[in-house]
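Note that the chains are named A, B, C and D in the order they appear, and that numbering of residues resets to 1 at the start of each chain.
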C-alpha cells in the first residue's frame, strides 16, 4: 500500500445507504480502509459521522476510488482547490473536464466552497472570478454579470454547446463536493414521504391521485411553481378540459410540450375533434383526419397562437387558457411534427434552452404522458425537484424515475382518467 | 374443371365484407366461380343476395373451398343432412369430427335445420334424437332429457372431455350452416354501435366509460345479466369499494375470478391492506406482507367465505356483498394460488364447467384486469355476447378482442380509475 | 334525391375490399346507388369493374360521399379539372386546400391526369405549368425548373412550411384520383406476400427474419436502396457490430438516426462501452457513465465525425463504416440530445427535409427500435415503399404499421438478436 | 424506555446493506439503539460483526422491531426456543403461526438450531421430534419417517392445505433465524456475478445469452439440474426445435409447462403448424385453426403423450424428446385449456405439489415466456436457486425478479431468438 487519503462521511450515512455503498466501493475496487472515527446518530433525525483512511496500491487506483467515493457524497478531509483550465475554443472543453451530476454540488475556489448554480446533469462547471463580463453563452439568459452577489467568484453549469473560448472550466476531481439527496423519511417527506420507490400499476389509484393533489396544493401554498410536461395523448384521451381548468385556476404555472400537443388541443377547439375523432361521440366525422392539418394552416394564417386567440379564432382549450392567463408555454419542435405552428421552436438547442429556463423555475414537475419531453425536462432538473410521472406504459415511467430524483412519484395510469380525477381533487373542494 | 356446387350468400354481404372474403377465398384456393344471381340491397338496412356456382379441378379441392366458404357464412344451395357418427369411447371423438366456431350454428338433421344450443368455440356437436337419456356428461348440468322442446331431435355442443361413448357426433362439413354476426352499423348498435374496432389508449376515457355505463344500463333495462370477470389488480388498485357498490346496487349479476382476487378483497376487509399495502395511506404496515396468508387461514378456520360472512368475520367488500346480495361467484383455482380458500374450485375442468354456466347466462361481460380468467370466460362465449375489456396492458386487450366477438369494446386504462368512474356514472344519477 | 353522379371502380375491387367499403360508405352517409355495370374478374389475376350511379338528397351530401369514395379509389366517370388557387403568402395555403394521402395520386390539369410527384401524407399539391422558375421552397432540393419532362405542367407535393406565395395549390376535390395500393396476394407479393397483417410476438422469429433477409436481397438485386432507421437501443443491445458489417458489405444504403445513436456507437468505438456498460463483460467501468459526454467532447474537438474518422480518432463502428463506405447518414436532433455532435441537424424542419430526401430514395426501409425517427421517416414515405419495423414494444410496432403502407412487416422482437440473425442470413451464405 | 434486547448482525453486513436497513428500521419504528460492538471486515471477503442493544417504549413495540430485524437477518443474542402449537384441524394452523420467507431459515428446538428443510415462501413450519410417523400430508412425497438423520427433531415447511391436525407448528417469532442471501460480489458470483440487478431491454443480448449459456454449462458441470419453465409462445415463436435439441443433449433436466405448451408442440409435430400457422412458411393452411383441437383428440385417442410416442403417432418435438430421453415433465392444467390432454394435471393443488418437487430438485431455473407457470415455480423456490427469466414483456420480467432471489437474471427479449442463440452457444462448440 503506497497511497492513502482520509475522507469523511456525514449525514444520514447509514440508513441512506451511503456508508454501505462507500465501504463496498472501496472493496470492489481493490482498496482497503481503516475506520478512524465513527459516531452514530442516536435518533431518527440525528446525523452520523465517519472518518476513513482509504488506501490503494497506486496513486492512480486511489484516485479512481476517491472519484467514486466523491460521487457518493464522501469528501476529502484536507481538500485542495478545484483545478481550472480555460476552454480552448467555443464548445470545446479542456481535456479531463469535470462532468456534473444532478445533485447539489460545490467547488472549492480560493479555499472557499462555492455552490454550483443551476446544477444539471452532464454539464461543465464554469468559474467566474468577479470579472465584469457578459456571459451571453451561459445557459442562463440574464445579461447581468454573473459573479457572486458580493462580487466574489461564482460557479455555474454550462452545457457543452454553450461553452465559450476562455471559460474557466473545472477539470479533474479535486475540490469538488457532491451532496446526493437523502430519501425523505416517514413524515419528513410530506406529501412525497409515502413513496417507497418502485413503479407499479398495483397501487390504489384514487389514493395516489389524492396524494399528488396534496403535493400540488402544498407546492402552491409554499409559493412554488408547478410545471406540466404534456404529451398529445393527454388531448386524445379527453383530458384537455380538465387541464385547461387547472391552468385557468392557477394550479399550473407553465406548460412544456410539443407542436402536436398544441395542434390537437387547438383542433379540439376548432373542430371538436382530436386526431379526427369527436371527443364526445367518439365518431370520426368525414374529413376528420384532415382537421389537424387544417388547424395548423388556420393558426399559420392567423400568425400564431396568441394572435389566433386575440382574433377570436381560438376560444377554448389549454393553449387558450395559457394565453388568457399569462401562463408561459414552450412548444419544442420535433422531426415528427406537421406544420409546425409558428410558435414551435424548431431548433433543438434553442428549445433546450427554453426548457432549461422552465425546469429551473419549477418546484414541482408533472410529467403527463410524454417520454420525449419528460426526458428533455428531466435532463435539466436538479435531483431536488419534485417530480410526478404518469404514463400508461410502465417502461416509460421506469425510465423517467431512473434519473436519481430524490422525490419522485411514478404512476402507471390512464392520463384520460388521471387528469380529471386530479382536477376533481384540486377544484371541487 | 370437374366439380361444381352452388352456394348462396345472404344478408349484409357486401359491407360486412362477406362477399369480398368469399370471392377472395375461391380465387386464393385455385377455384373459380360464376355469379348466377346478384341482388344488391338498395338501402342501408336492406339485405343483399348472391348465388354462385363454385368450381374446382377435383372434388377434394372443391370440398376444401366449400369448407372455407361455409366458415364465412355461405350455404350450399342443396344441402344434405349432417353426418353423424358415434363416439367410440368416453372423451374420444370420431375421426373427422366437426369442431365448432363461436358463431350461431345450425345442423341439418332429417331435412330440418336445428340450431346448435350453447354454441362455443372448439367443441363437438352432439345430436340427440329425442331418446330418453340423462346427459350427465354434457357440458350443461341439467339432468332432464335434453331433446328438443317438441321431443324432436336436438343439437348442442360438448367440449372434448365431456364426450361420452355413443354420443352421436357431427363429422365432416355437410349439413352445417354458420352465421357470422355482422358488425353493428351506426345507430343499430346502440351503445356498442360506436365502436369501430381497434384498441387504442388514445381514445377519450371519460366518454368511453360513459358509453360502457350506458351499455350496462341498457343491458339491465332489457332484463339482461352482467358478468364481471375480475383480476386481483382490481383490488390492489383500490377499486374494490366501487365494485362492491355495483354488486350491492344490482349492476353486477355474477363474479368470475380466482382465489387471489377473493383473498385480496377479504384481506382488505380484515386488515385494510391489499398485498400488505394500506389502501388509504399506501403505507406497508409491519407484517403486512403476511396479511394475505393470515386471511386465508382465517377463512379456512371459519369454513369458507359464506361462513365467514355469517360469523361476522368478514363485514365488507366485494365477496361480502356477493354473499349478502345472493350474487353468485365462481373462484377458479390456479397453480399460483396461496391456500387456496375453501371456496376455490381447484380442478380446472370443474372450474371451466362452472365458468361455462356463467358465460351462458351473461348478456354482457366486463373483463376487468385479468387475462387468464377473461380468456377462460371468452372461450365459452358465443360471438353474440357483448364484451367490454379493460386492462392497462394493450397486448392483453388486443388478445381478448381478437376472438371474433361482434360487439366488443377494448379499453387500455387503469382499472383503479375505470371502476370508480363507471360506478359514478351508474350510481350518482 | 336530387343529386347524382356516376363513379367507377376498377381493379381487384372485390377481394381488396374496395367495393365493400364503397358500398358501405354510401349507405352509412345516407346516400343510395344503382349498380349500372358489374364485371367480375374470373381469375385470380383478373381485374373487376363496377360502375355506380350514386345519389344523395343534396349536392352537399353528394360531395361528401364522393370525397370518401375518392379516398377509397373510386373515380368520377366524367371528371373536371382540379381547381387551382394561388397561395396568399409564404407558408399559407388557400382555404380548402387539398391535403394529400400517402397513396399514388393524380390531378387533372388541362384535361390530362398528371401524377403527383413525391407523394407524401398531409401535403399540399402544387401545380406548375412549365413556367421557368426556381422552386427553392419546394420540399426537394434540386434547383432545376421542375416542370414536366416535356415542358408541360407538373404536379408535386409541398409540406406547409415550404409553400411560397403564389404557388398554385390544388383546392377542393374535383379532378383528383387516388389509387390505394392493393394488398399483395399470395405469390404476387414476393418476400412480402406472406404477410397477412397484424402484429404479434407469436410468429416464428427465425422464419420471419429469413423472410426479411430475402426481401433485402431482392431489393438489392433489383437495384433498390435500403434505408436503416436506427434507435440507440440498437447499440445498447449489442447489435452495432452486425449493423456495421451490413453497412460495409453494401446491404444498407443509408442511415437515418439521431444524435444519441451516433454518440453511443462512437462511445463504443472509443471506450468499448454503451451508456457506460462494457458491451462484452456487461460491467460498468468506473466513470463509464461519463463516457458519452467525453465522446461528444472528443468529436467536437475533432470537428465532426468525418474528421474524427480521418484523424484516426474513430476506427470502428457503424458511423465509421458509413464514412469509409460513403454511406450517407442523417442525424436528426432532438430536445433530449446531449451535446449535440457537430453532425447533428438541430433544426427540425431542416432535419425533416434531409429525412424526406432519404425516404424518397428508399425502396425498402428497416425501422429498428426507434419510434421517433421511424414516424419521421414514415411521414415522408409513399404507401408503396416496403417497410419492416422491429421493436420490443408491441405498441410501437402497431403504431408504425398503422400508417397505410401496403407492404409492411411488423415484428415484436429484440433488436439485439434480430440484427445479428439478419446479418447471419445475409452475410454467411 | 422500558424494553431492551440485544441483537447481532454478522456477515457482509455493510456492503449488502443489511446494517443500513436494520439501523433504518429501528429508527423508523420509533426505537433506538446502542452499538455495543462493531468489527468491520477489512478485506473484500472478510465478514463484519455488529452487536446492538435495541430499545423501545413498550415490549409490544420492541417485539415489532425485533420481528423486522429478524426478517432482515439479525439474530437475538440470547434466543429462546421456538414456540410450537398443534394444528387444531386438517388445513387449519394455530393462530399466530409463523409464515416463512424463501430464505434459508433455522428454528431453535431444544436449544439447537435446526435448518428448516424445503424452505419456501408463505408456508408453516412443522417440527417433528423423531416420532415414527408417516407424514403423508407433508408437502414432500417421501414415505420414510422424516425426522433428522440422527433420529433427532426435524423442521420442514408445509403449505396450508397440507397441514394435518396435530402437526406441531411454529408460532410467534422467538427462536427463528433467517439468513437472507447476500448478493454475489464481483468474481464470487461466477456466471451470475455480473448481474447488478434491474431489468432492461438495453443490455447487449448476445453477451447476456453467452453468460446464461455459461451458467447452464457450469450448473451441469457441477452435477446440477436445469429446469425449463415454458410457455406456449416458445412454440409459436419457432423455438421448439432448439429446445428439443437442448432436451435431447441433456441440458434440460425437467420441463414445467401447461397443457397449451404441450398441445402446440405436438401440433407442430403432427401438422407442422402452431396455432394453425405453418412454422416454416408462416402461411395458415386451410383448417389450420382446427389443428390444435385435432391434436388433442389424437393424443386422447392414443391414451396420452407417452403412448402416442410409443405408437409412432408423435415422432418429433420437445415432448417427444422428453419421452425418449426420460426427461420428466409436469403439465399443469389451467382454466383456459382446451382438451385437456390426458397428461395434464387438472387439479391445481396436485399440480402445485408436482411443481414443488421439480422446484426443489432444480439448481437452475429457466423461465421462458410464461408468467403463470413461472410464478407457480417461483413460489416454491428457495432464494438460493439460480433463476433466468426471459420474456418480451418487461412487466413480466420485473414481476418475476421481484421475489427476492439472490441470483436472478432478467432479460427482455424474444423467446424465438433467445432459445436458438442459447442452443447455438451450448451445442455448436
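Some points to look at:
Keep in mind that, in the parts below, a residue touches a chain if its C-beta (ideal position, glycine included) is under 8 Å from a C-beta of that chain, and two chains touch if they have at least 3 such contacts.
All of these numbers come straight from a predicted model, not from anything done at the bench.
Interface comparison, A-C against A-D: more C-beta pairs in contact at A-C.
For chain B, the chain whose average C-alpha position is most distant is A. Mean C-alpha positions place chain A and chain B at a centre distance of 48 Å.
The distance from the centre of chain A to the centre of chain D, with each centre set as the mean of the Cα atoms, comes to 40 Å. Spacing of chain A relative to chain C, judged by their CA centroids, is 34 angstrom.
Among the residues of chain A, those touching two or more other chains are numbered 201, 395. If the chains shown are joined wherever they touch, the resulting network links each chain directly to all the rest.
Within the complex formed with chain C, the chain D residues making contact are 194, 196, 201-209, 211, 233, 236-239, 274-275, 277, 279-284, 392, 412-414, 416-418, 420-421.
Chain B contributes residues 14-17, 19-21, 23-24, 27-28, 30, 32, 35, 38, 40, 42-44, 185-186, 201, 394-395, 398 to its touches with chain C in the complex. For chain B in complex with chain D, the touching residues are 29, 64, 67-68, 91-93, 97, 99, 122, 159-161, 286-287, 290, 293-294, 296-297, 300-301, 332-340, 344, 346-349, 351-352, 355, 372-373, 375-376, 379, 393, 395.
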